[in-house]
Every structure is written in C-alpha cells, then in structure tokens.
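Some structures to go through are shown next.
Here come two complexes built around chain A, the first alongside chain B, the second alongside chain C.
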Partner chain A sequence: MSGTTAPPSDFAVYRTLVRWDWLREMKRKSTLISMGMMGLITLFLFSFAIPLTSDKADVLVDTRAGILWVTFLFAATIGIDRAFRNDAESGLLEGLLLAPISRPTLYYARVTSTLLFIVALQVVLLVLFLVLFNQRLEGEGLWGLIAATLATDIGFVTIGVMISAMTWSLPGGDVLLRILLFPMLLPIFNVAVEITDRAFEGQAPLTKHLGMLFAIDVLFLGAGHLLFEHLVKDSGGRP
Partner chain B sequence: MTSPALRVHNVWKRFGSRDALAGVSLEAPRGSCFAMLGHNGSGKTTLLRILATLSAPTEGEAQVLGHAVGAESGAIRGKIGVVLDRHLLPRDFALRDALRMYADLYGVRDANARIEDLAARLGLARRLRDPVRTFSRGMGQRASICRALLHDPEMLILDEPFTGLDAAALAITDEVIQETVAEGRTVVLVTHDLERAARLATHSVVLSNGKKTFDGDPVEAAAAATAGRGLAG
Partner chain C sequence: MSDAVPSAAPGTAGLDWRKGALPGLRGPSRGFVVHALAALAALLALNWLVVTYAPLEIKMIGSSYLIFFYHLPAAISMGILYTAMMVFSVAYLRTRRPVWDRRARSAAEVGFLANMVLLVTGSTWAKAAWNVWWVWSDPRLMSAAVMSLIYLGYLMLQGAVEEPQRRRQISAVYGTLAFINLPVVHYSIQWFGQTSHPMKFDSMSTASIIDTKRFALFAFFLLYAVIYRWAYDRTTRTERVEDALQRIRRIEERSQT
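The block that comes next holds the complex of A and B.
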C-alpha cells in the first residue's frame, strides 16, 4: 500500500462519526424538527386534557411527571426510529458499513448522536412544559431531574438504536419499533417518573432509583454492543 | 503476496427459497481485471456484495486479498474501494464535504489535496461546492468513483460502473481501471458492456442462475455471456 492513509483509531473514528452526524442534522434539522413537533403536539394535547384551574390542581400534581415523560418518549422515539432509517434509505449506511469502522464504534457513535439530539430536544420541551403547566423546578429537584433524565436517556437510546437497526428494513418497521421498544422501557420509565415526581417536590432522587437506572443502562448497553454487529452483518440486498 | 486477490469456494446465497448463488467457486490473481458477466438476476451483485463484506454467504467461504470474508471483514474494508448502484454519499453535503467525511473515516492523509485531485480527474472540480443531492445520475456515478478511489485501495470492486456515464467519463473510468491493474492491483468488474469487458479484463467468469458457466478468456466470455439470455427462474 502507498502512504495515502493512516488508519485512524477507533476513538478518532467515533468522533468523526458523531461530528458528521451532527453537521448533517444541522444542515436540514429534519429529525430535530419532527421530534420537536411531536413533543409540542403531545404537550398541547395534555394541556387541553388536564384541567389547569386551581380547584383541580391536584390532578396535575398527580400526573405532571407522567405527562412530561410521555411527551419525552413520543418525541424521542421519532429520533430513535430515524437513527438508521434515513441513512439506510439514502444508501449512506451502506457506505458506512463499507468503511473500515468497527461495528461497535458505529453503534456507539449512533447512540451518542441520537442522545445529543434527544437531550437538545428535552431542554426545549422541559422549558415549554414548565411554562405551559405553570410548574417550577429548583435546587435538588432540578439537579435530580437532570441526572435522572440523562440516565434514563442512555438506557432508552442504547436499546432504541439497537432495535432501530433491527427494524428499519422491515415493512411497518416504525410501528414494530414502538411495539418492541415501549414494553422494554417500562422499568426505566417507571423509575424516571418516580424521580421526576420527587423532583417537582424539590427532593433529590433516591440512591436506589439512580442505581436501578444505572444497572439497566449497563444491561442495555451490553445488549446493544453484542447484538449490533450481528444485526448489520448481512444486508443481503436493498430493503 | 502469495494469496490470490479473490478466492471463492462453493459459495451459496439463499433468499427465501431462491438460490441467488448456487455453489460458486472462483479465483482471481492479484493484478488482474476480473470481469463477472451474466444476464440480469444471475447473481453478480449478490456475489459482489459478499466480496465487499456487506452480505454474508449462506454457505461456503470467500477470501479477499488473503482475508476471510466474515472473520476478517475489518481488514478487507480498508483495502477495497467499492462502487455500487447508489453513490453512498451524504446527500445534503456539498461534494467536497461528503468526500471529506469518507476521507476522515478512512484516515486519508492530506485529504483536501486528494479530493481536489480526484474531483479534477473525474471532471467534478467545478461542482465540489454543490450539494450531492443536486447531481445528475452520471455525476453521481462520477462522485461514487471518486469516493471509491479516495483511500487508494488495493482492490476496486465495481458494480456496473459505466452506467449513466458519458463518453468522457467512460474514457476516464477505463483509464482508472487500466492504471489500477498496471500498478499490480486488482479490479473486480461487473458489467453488461461486453465489448468493454473483453477489452479491459484479463480474466472473466460468466454467471447464470447463480452458477458459474464459464471461466477463462475475456473475449470468449463475452461470447458465452450472450449465449444465455433468459432470466433466472
């Protein structure tokens, strides 16, 4: 071989992939916009469904954490579904699979960029939620919510991106993704809602809750790492 | 360099109940231009995708540049440049950035100069700033060839690279193939342009219904390829 190339390290490839994913999204923002629209619609629907008048304020107190997480979930699932679908349809995924990139690196890069999009989205949705439902978060509660959201997102995205690689080529894959993903998310979703509930009361998350999120994250990450390579091993032809 | 460029042993590929490849074996020496001919649906692309590490054979073994497809796919990927029916470039980027992304992934040194060189060679120098999505079919094909050459690969794997190209681009592509072979590297070429295959190839096989029906001299292969015209059953 001539000296045209110097094989980059896995970490350099990872950084390159995340960077170009981000640049690509910034060009058209199609994923961010779709996720944002979905989040907005969900929030508005809830704001109509839940009475905001002061005499029924306790309904909101009981449901606010759930509302926030259902909104996050619906919006973020769009990003998860697109983690591979767009690239696969445009042929770019094949180009990436042809490149000398280790499969775990591709997986981690896609997890990272999807996570970035989702966190960016959640910041906007959270602010909107607080304004729309006239809620307040401060001190320990706020930090608790941030920690819990990040920990929940990691679990959500690691398993989601794996399922996205499994379903993008199937007919009705977008629906199948949700059918597979939502039940798997129930345990972390429950914990996230509990932590958020406490956060609105101004309380820090319980160690057992954070520990549980962490354990599930590790589990999902391991599953993604092991399965991803197998999922992209055989792209026999076009979808 | 004792291992052949390609060694395929009894490879099968099954899609549902259809055998796209039914026990193909072949070998190509390094420094050859190896043409795979055959009618539509005979299994050429299927075999090419296996060699390019995109797809796994149902049965059998394949080696590319001495590395086993599957177990050593990673080693193969850095050494091959592949042109498929789609250009595989990110559509929203300008051509320069789209190529730059791949250059970064392959670790191409002096990437900007390399991109300029290749774009100039393929007649795309003035379109480097245009988004890939605005390209015509032939321009996309030219861009795809640029992408495949970026990292100066040891082997070129080309699936119908001439489709949509005008006379000038055809001549350049011929030249690229001839130069690659002259440098002792290998070209695997799938094409329906029998005249071109006969001229460029040093070695040919004909596939029919997933089986190899001819192996040998390119000029005779072209004749053999015209013989069977039916579609796979």
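The block that comes next holds the complex of A and C.
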C-alpha cells in the first residue's frame, strides 16, 4: 500500500463508471430485455389500435412518426427508471455516494450509460418497426432521423436521470417517474415527431428543429449539472 | 399539580397557537378576514362593472369577449405565481430553510388554481367563439395544458414523499426544473401550430374596457393573494403538527429502548 497515489481524474472515474454500467448490463441484460419487450408489445398494440388494411394506408402515413416515438418513449422509460434503482437494490449506490466522486461526474456517467442503452434499444426497435409496418427510410431522411434521435435522446435522458434520482426511492416511484417525466418531455417529443415525419418523406430535418433540440439539450444538461448535486446532498446517503 | 390545564405533552413544545405557532387554528386572524372581505368585495364590484360599465358586445366576437376580464388576470397571476415558486425553490436550495419550501408549495398550489381558471375560461370562450371546447392544434391552449400537467406533478410529489426533508429537497429541484421547462413548452409549441388565440381586438381599446381590465387585474390579484395566504397558513400548520408528531415518535422510541 503506497498511500500516495493521486486520486483518479474525474474523466477516468466517469469512464470507469460508464464501462462498469455497460459491462454489467451486457452480462445480465435485464434492463435491455425489459425495454425491448416493452417496445415490441407497444408496436403490437398499435397494430391493433389503428387500421392497417391496404385501403386505409393513409392512416399509417399520418401516424407512423407518432407510433415510433410513443414506442421509443414507453420502452426507454424503463431504462430511465432503472438508472438508480438497480444500484440501490444491490447496495452499490451507497458505496458510490460515499466514494469521493464528484456529483456531476456521477450524473454524467449515468446519463451516458442510460443513453447507450436507449440508443441500442432504438436501433433494434427501428428495424422492427420498418419491417413490421413495411416502411422505408433512406438518404437524407435516414441521416436526419439519426441526428434528430440522438439529439432527442440526450434531452430525454438528461432530464430523465434527474427525475429518476428523485423518484426511485419513493413508494410507487416508477409510476411517479412517468407522471413527472412525460409532461416535461412533451415539447421535445413534439419536435422529434415532426422531424421523423419529414424523415419518412425522405426529407432532411429543418435547421429550426435541430436548433431547438440542441437548445433544449443544453438547457437540460445545464440544469442537471447544477441541480443533481442537490438531490444527493444531505439525504443520508440516498440520492 | 394544582393547575387545571394539563402541561404540554413532551415533544409538542412550541406548538402553542396563542403564540402564533399554528396560524389559523383558532379561526382566521383579523388581517386575513379584512383581506378576504376586500377580495370578495372587489370581485363583486368587478362583476358589476362587467355587467354595467363595459360594453356588452364588441365587434367581431360579440359578448363572449367578457370572459376576457376573468381570463387575463388568471394568465398573469399564473405567470407571477410560477415565477415566485421557482424563486422560492431556489431560495430553499440555497438556504435549506423550510419556510421557503412552504412558500414554494403555496405558490404552486395557487398557481395551479390560476392555471385551471385560465384553462376553464379559455375553453368556455372557445366553445362560444369556435363552437368546440378544446382544440388540440391550438398552441396556446396546449402550452397552458402542458404547464398544468407539469405543476400537477409537483403537487402529486408533495403527497408521495413522506420524509419532510427529502420532500423539500425533491420538490425544490423539481420546481426549478419545471420553471426552466416553461419557456421550452411555451416556445416549442408556439413555433408549430398557428394560433387562432386572439391577443387584442382593435375595438377593445375603449376607455371603459381598459378601466374594467385594470380593475379585473386588481380584483384577481387581491383574490389570488388571499388564497395564497390561506394556503401558506394551512401548510405551516400542517408542517408544525407533523414536526411535533415526529418529535413525539422519537421520544416514544427512546423511552422504549
């Protein structure tokens, strides 16, 4: 034991935390499987909720962007809900909070790992959606959708992780998470559906839309950076 | 003990209503009554002005415009109360003094009430003018509705967290987040649909309408302030009793071990 080793930098801690989250999830896959199942079930629900016969093809053209995003939202919320719950149940979270890790580092690490899970989920769900609903995405539309989805996910996860930190320890916290989170996400959801709608038509997103997503991301990330600390401070070790 | 009055139970020290610890427990204070009566009188006077002084019909939209005298004060009060709630939440996060949390909660409650008044009067007007109660594509209607959902979430949070300190902390953070989100809600929704929400009619700049509008603002500010005061007293009272209950429990636990 030398005792004189310098503490690791914030970035090293961040990298380790993200890697740890990812490796553990790859081993257990419980969150990814729950999210994927939820997404698949939502897609099936939509196939019953709207008429998909060939003479009513217009209905699907009008609703496909919304269907995709409602599916993403329902599935991804499971991942958001587990951002802290898993660690808390295994007692790891207490250790993390006692360790000399700066709160923003912990926040960014959780945002990144949750984002990774959600992006992995979306790739699978998007392919499933295109196949099951017989849709095509190509050219500018596809790239536009990818850029917009990433920007939307960042907004979604930055605020989601905050609310997850508020609700995981509460009785009925999983329901409360959705009640608190969904209204906050409506604006970003609105923009995402608009962009996706254009993407299915093969059009690139408007600068106005991407700019708005970017502005929202910066705003939410800043809010998370400043406020996350307050959620884990003097709370008896609980975030 | 010769005194007929029993001494205070352990843990309840400081809970004496005679010293103002439990505001409103023995009925409202005189100041509150005066304030409430003034608000009531102003509201009655406003109704009288609306019926007798302001023109009963104006060009284009007829008499349905009269609801504007109730709608506009609700919109402005909501803005003020939600802003105040954010300021109180930030003050709580900085100082950790429970009084800021009580203020934030009360402001959120009354702000939500104003938000509901805004939606109901707006929706009633829409029925008169557009012949539908609700238009999903109208940005102003939608942003007001989304705001109400966000603040309803805040109010639900109050009942969901048992431990007071934790509740204050979560509420303050959520309250700040909610406010940060308001411009996002407002602008993102405005950018999409074209609103048919009337902002101003040329025929509305007559002196009698402007006078009535000013008086309406005054009357409703008075009213929302009374409700805020009532909400704050009630929150304070509940919290003091809860604190005492916690103290009593702790004493009990200690005596058992």
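Throughout what follows, the second predicted complex is superposed on the first by the 230 of 239 C-alpha atoms of A that agree within 3 Å, B and C clash if a C-alpha of one lies under 4 Å from a C-alpha of the other, contacts with A are read in each partner's own complex, and residues count from 1 in each chain.
The rule is short, and it goes like this: a residue touches a chain if its C-beta (ideal position, glycine included) is under 8 Å from a C-beta of that chain, and two chains touch if they have at least 3 such contacts.
Note that the structure is predicted; figures quoted are calculated from it, not measured.
Visitor: Applying the document's definition of touch, where does A:A6 land relative to chain B and chain C: first, second, both, or neither?
Guide: first
Visitor: Examine A:M212 and indicate which partner it touches, taking first as chain B and second as chain C; both and neither are also allowed.
Guide: In the superposition, A:M212 contacts chain C only.
Visitor: Could you say whether A:P104 touches chain B, chain C, both of them, or neither, answering first, second, both or neither?
Guide: Neither: A:P104 stays clear of chain B and chain C.
Visitor: Go through the superposed model and pick first if A:L17 touches only chain B, second if only chain C, both, or neither.
Guide: first
Visitor: Of the two partner chains, chain B (first) and chain C (second), which one does A:G66 touch, if any: first, second, both, or neither?
Guide: neither
Visitor: Regarding the shared-chain residue A:G202, is it in contact with chain B (first), chain C (second), both, or neither?
Guide: In the superposed model, A:G202 contacts neither chain B nor chain C.
Visitor: Shared contact residues on chain A, chain B side and chain C side combined as an intersection?
Guide: On chain A, the overlap between the chain B and chain C contacts is residues 233-235.
Visitor: Spell out the residues on chain B that touch chain A in their complex, using ranges where they run on.
Guide: Touching chain A from chain B are residues 13, 15, 45-46, 49, 52-56, 74, 77-80, 82, 84, 86-93, 97, 101-102, 104-109, 114, 147, 151-152, 154.
Visitor: Taking the touch rule as given, give the residues of chain A at its contact with chain B in the complex, in rising order.
Guide: Where chain A meets chain B, its residues are 1-8, 12-13, 16-17, 20, 23-24, 27-28, 90-92, 94-102, 233-237.
Visitor: Over in the complex, which chain C residues touch chain A? Could you list them?
Guide: 93, 96, 146, 149-150, 153, 156-157, 160-161, 165-166, 169-170, 172-174, 176-178, 180-181, 184-185, 187-189, 191-192
Visitor: Report the residues of chain A in contact with chain C in the complex, numbered from low to high.
Guide: Within the complex, chain A touches chain C at residues 159, 162-163, 166-167, 169-173, 176, 179-180, 182-184, 186-188, 190-191, 194, 208, 212, 216, 219-220, 223, 227, 230-231, 233-235, 238.
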